[in-house]
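Note that the chains are named A, B and C in the order they appear, and that numbering of residues resets to 1 at the start of each chain.
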Amino acid sequence: MKDENSYLPEIATVKKIIKETPAIVSLQLVIDDEEKRNDFSFEPGQVGQLSVFGFGESTFVINSSPSNKDHLQFSIMKAGVNTTALHNLTEGEKVGLRAPLGNWFPYQKMEGKNIIFIGGGIGLAPLRPLIMYMLENKDKYKDLTLLAAAKTPDDFCFATDIETWEKSKDMKVIMTIDTACDMWGKEVGLCPNVLESMKPSPENTIAITCGPPIMIKYTLEVLLKLGFAEDMIYTTLERRMKCGIGKCGRCNIGDKFVCVDGPVFSLKELNQIPEPFM
Amino acid sequence: MRVIEYISKENTKNWLEKLDAKNDVFLPVQDLQEARIGFLDYKEFKKLVQQSKESPEKRYVINHREKTALSPKYIFFPETEKLFDFEYLKDIENPEKVELRLGAAEKTESSGRIILFGLKPCDAEGISRLDRVFGEGDKKDNYYMEKRKNSLLISIGCNTPFPDCFCTLVGGSPFNFENADIGMVEVNDGYAIVKISDDAKDLISENREYFDKDIDKTAIEEEIEKIIKSSAEKIGHTWEDLPREEISKIMDESIGSGIWDQITKKCISCGACTYVCPTCYCFNIRDEQKGLQGQRYRSWDYCMNSYYTLEASGHNPRPDKSLRYRNKVNCKYNYNIKRHGHIYCVGCGRCIEVCPVSMDIREAVKTVIDNRQQASD
Amino acid sequence: MTIENKLKEKIDEIMGDLELLVGYSPSALPLKVNPAFIEKKEETGSLVFNKMCINNLASYIYDLSKSVKGTIGIVLKPCDTRSIIQLASEELIDLKKIKMIVPGCSGVLDYKKIQKHVGGEKIISCKLDGESLAIETISQKHELKAGDFYADKCYWCQVHDNPAHFDEFIENDQKLDIEPREKYADIDAIEGKSIDEIMQYWDEQFSNCIRCYACRNICPLEICRDRCITNLDEPYWQSQRINTEEGKFFQLIRVLHLAGRCTECGECERACPRDIPLSKLMKKSAQITEKLFEYKTGEEPDKKPPFLTFKDVEKNIKEENLS
């Protein structure tokens, strides 16, 4: 639309709040305006700018399945002013939403390949919509594997989803925590180390990794060591954002804006940017 | 340079007066008492002249030869601009129900246009750089474009460039009227009009009484050639002329080298250079609320500040001033060449003038270029 | 020998003991000099010391003292040594790690004053020959008397050839030779006006403030630099709007933050790209704190600034009857 004001958010209502972990909360939102709600669509990996008016605006990935027309889900880790305000919301309250923004996972290019997802903590959020899409279209993809990492057993985001995925035959799920503790019968170890011990084959496989910067750094090193090609590795990056539409100049990494040219980047793309992306 | 019209200095004043009746004219005004030079609304200028106690010509003069302290970008991209209002509405009958109302900024319905008179060609270039950023892509910046689409730029060439001008090194020139609607050259106690865009045709055609009839175009054109030649001799050449893509490549290669630490040693990380620059466009967005009402606004920001990229988690991709200055110079001489095909520096020299510690972007670019030559030798 | 050569000779002598030397080097821009950071003896040849050296190099000393392990040599005008002493009195720097190299000063020119004299026009060239200053703008040539355009602080300077604190002092054959002026004359002129007039004056000045923070970042005492609360989103202390009210608010915070600490070097006013007369505010604050607390900043490294100490009963503050 020509007269569209890209800075003016849509008003959305908080339909449901899910407490994922002590620090992470998922909000399920419904856009108030009926027409906009019905017209809304997004691709897996795209983000939205959520604001509690009076506090600020921050970027979160839309982590519900793109085929879900009931609500849009965002998962928020408490860190600053806006995220704290989002954590304090109750059902029925209103927020501002500007979405969808940014680019998305090139899922069509990934057809016919094995996919390995590596997510740490809140890093599972960008992976979730893609996993759900791929599970809904399983026939287009080969083997799906998920390596989910968290600090402690209580820190797994989307615990119910992971359980469902584990039970289904369509995806192999490996969960790992940082340090051993009682009642945990699964893997123990830092994500990059567990990945290395898994020795996934790079043959016809795409690796997608999301999580805190330090985890991504070491995971990328391990993937390259295992023989994955640069253009078969994808990640999502984060930078402080304000306008979200490539105008304010803040979120640049080299000549790329994370809000417009990202947040999804292949490692090949990132290595072409002279400014270090970490 | 082909002369189309000619207007005397006296008639220019009358022409501007007539234009201001139905439009909003801005022009560069020098306040001789406070020693300030800046763009001022013509109506404001007239009011000041009326109010000034001594003879008005002694205090306020129109001066397009000097550089204004701030570039005119604030006319389209103000320092602070409201994006929208918001209001929480409570229902007295139902205290649990809180509605939210957003009020978009009202569109000012004015039939007049914004006319910037007396722009230097570098400033007109600067505005065209901002046009690309705010006007391109499928998401446009309406706030800027609304003001800009009904505006005209009248540019006057620089007969005497300054020692810190370097527009020719970044793809411009003292008589570059590519991005102006009307281009003028100061010659023979008046102005020769050498360019009129389609949008600006009526400024001349509906005000014919001010423009000279029967002008000796050939003679004026000869004078202009002399002026252009003498002007070109005054502009310095800090680094050898290189094509933009070459400069971009050299900048790419410099990232990671210690040369930036050396260049940035004396920088104090303030925002002076950013705020006077015609092509810097970074801004911050903030919400402010009092009671149930509030506003979201945007304001100028500067990338040299250490909080610029500070994330809520505490991680900061650019903690050192050398990384931030490297980003600034690369943004102008590298990244924006890749994104928009132009160097985002117009060679006006304001940053050099205003810097408290004399950081010189020409020196920075030259050092990077020289460093690369050395590395390859 | 000129003061510049004597200075370079002294620096060459002691360069071996220094990890870094901060001095002045020439600038291509008229009436300006560059801060120079020298690590090797071979580079000392580029150093200068002349009437253009208005910059207070003490602006860099706090950050450098954090990153440089060895001794830092710093060229300081006698007036600028006050900033170092004040930082030392607040225990922000270790004087043992700093070598103050102080040349006797015959005054420095204030390029902003010259620019104001020519109506704000750009100075494209300048030639200083003894007392005559030849200035060129694109419209005119001016022949000025250098003695009228020294920095304000030169006119009431008492320390130009006898600094109280230094590690090396270099005698300057050329002495400061200008008509002394009353230090607080410009403050008193404003004080004589009505409150409305004063507010109008400052509103007009602050309508130009663009919140660039050059004043804060160049101040040798404002080591907070970029960790300042006024340009943070969290905690939200000050609006990010750029207008008269917010500019005034920021500046008043600054004045209070520097009360009893400012060493009146005038750098804030020099750095301001909008030519706001900030040093007037600082001088007013100094006038008050000197009287109230009998404390002059930057005099003794052992004398603690008034706002960093606590006294049950202040000598010059007559409190209400407390029964």
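Operating definition for what follows: a residue touches a chain if its C-beta (ideal position, glycine included) is under 8 Å from a C-beta of that chain, and two chains touch if they have at least 3 such contacts.
Because the structure is predicted, anything quoted here is derived from the model rather than measured.
Student: Hey, what chains does chain B share as contacts with chain C?
Tutor: For chain B paired with chain C, the chains in contact with each are A, in label order.
Student: Of the chain pairs A-C and A-B, which one is connected by the greater count of C-beta contacts?
Tutor: More contacting C-beta pairs are found at A-B.
Student: In angstrom, rounded to a whole number, how far apart do the mean CA points of chain B and chain C lie?
Tutor: One centre to the other, that is 31 Å.
Student: What whole-number Å value describes the gap between the mean CA coordinates of chain A and chain C?
Tutor: 51
Student: Express in whole angstrom the distance between the two chain centres, defined as the mean CA positions of chain A and chain B.
Tutor: Averaging C-alpha atoms per chain gives centres 39 Å apart.
Student: Counting only residues that touch at least two other chains, what does the list for chain A look like?
Tutor: 56, 80-81
Student: Considering chain C alone, which of its residues make contact with at least two other chains?
Tutor: 233-234, in rising order.
Student: In chain B, what residues contact two or more other chains?
Tutor: Residues 284, 286, 288, 301, 312 of chain B each touch two or more of the other chains.
Student: What part of chain A is in contact with chain B in the complex they form?
Tutor: Those residues of chain A that touch chain B are 3-9, 11, 51, 53-58, 79-81, 83, 92-94, 96, 212-213, 238-240, 242-243, 245-250, 252-255, 260, 274-276, 278.
Student: In the complex, go through chain B and note every residue touching chain C.
Tutor: For chain B paired with chain C, touching residues are 30-32, 34-37, 65-67, 69-70, 79-80, 160, 162-164, 265-266, 268-272, 274-276, 284, 286, 288, 297, 299-302, 305-307, 312, 352-354, 356-358, 360.
Student: Residue numbers of chain C touching chain A in their complex, please.
Tutor: The contact residues of chain C facing chain A are 233-234, 236.
Student: In the complex formed with chain B, which residues of chain C make contact?
Tutor: 27-30, 32-35, 37, 55, 59-60, 115-122, 124-125, 138-139, 208, 210-214, 216-218, 225-227, 231-234, 239-243, 267, 270-271, 273-275
Student: Which stretch or stretches of chain B touch chain A in the complex?
Tutor: Counting only chain B, the residues touching chain A are 83-84, 86, 88, 96-100, 102, 104, 133-134, 137, 139-143, 251-253, 255-256, 281-289, 294, 296, 298, 301, 303, 308-313, 315, 317, 327, 330-331, 334-336, 338-339.
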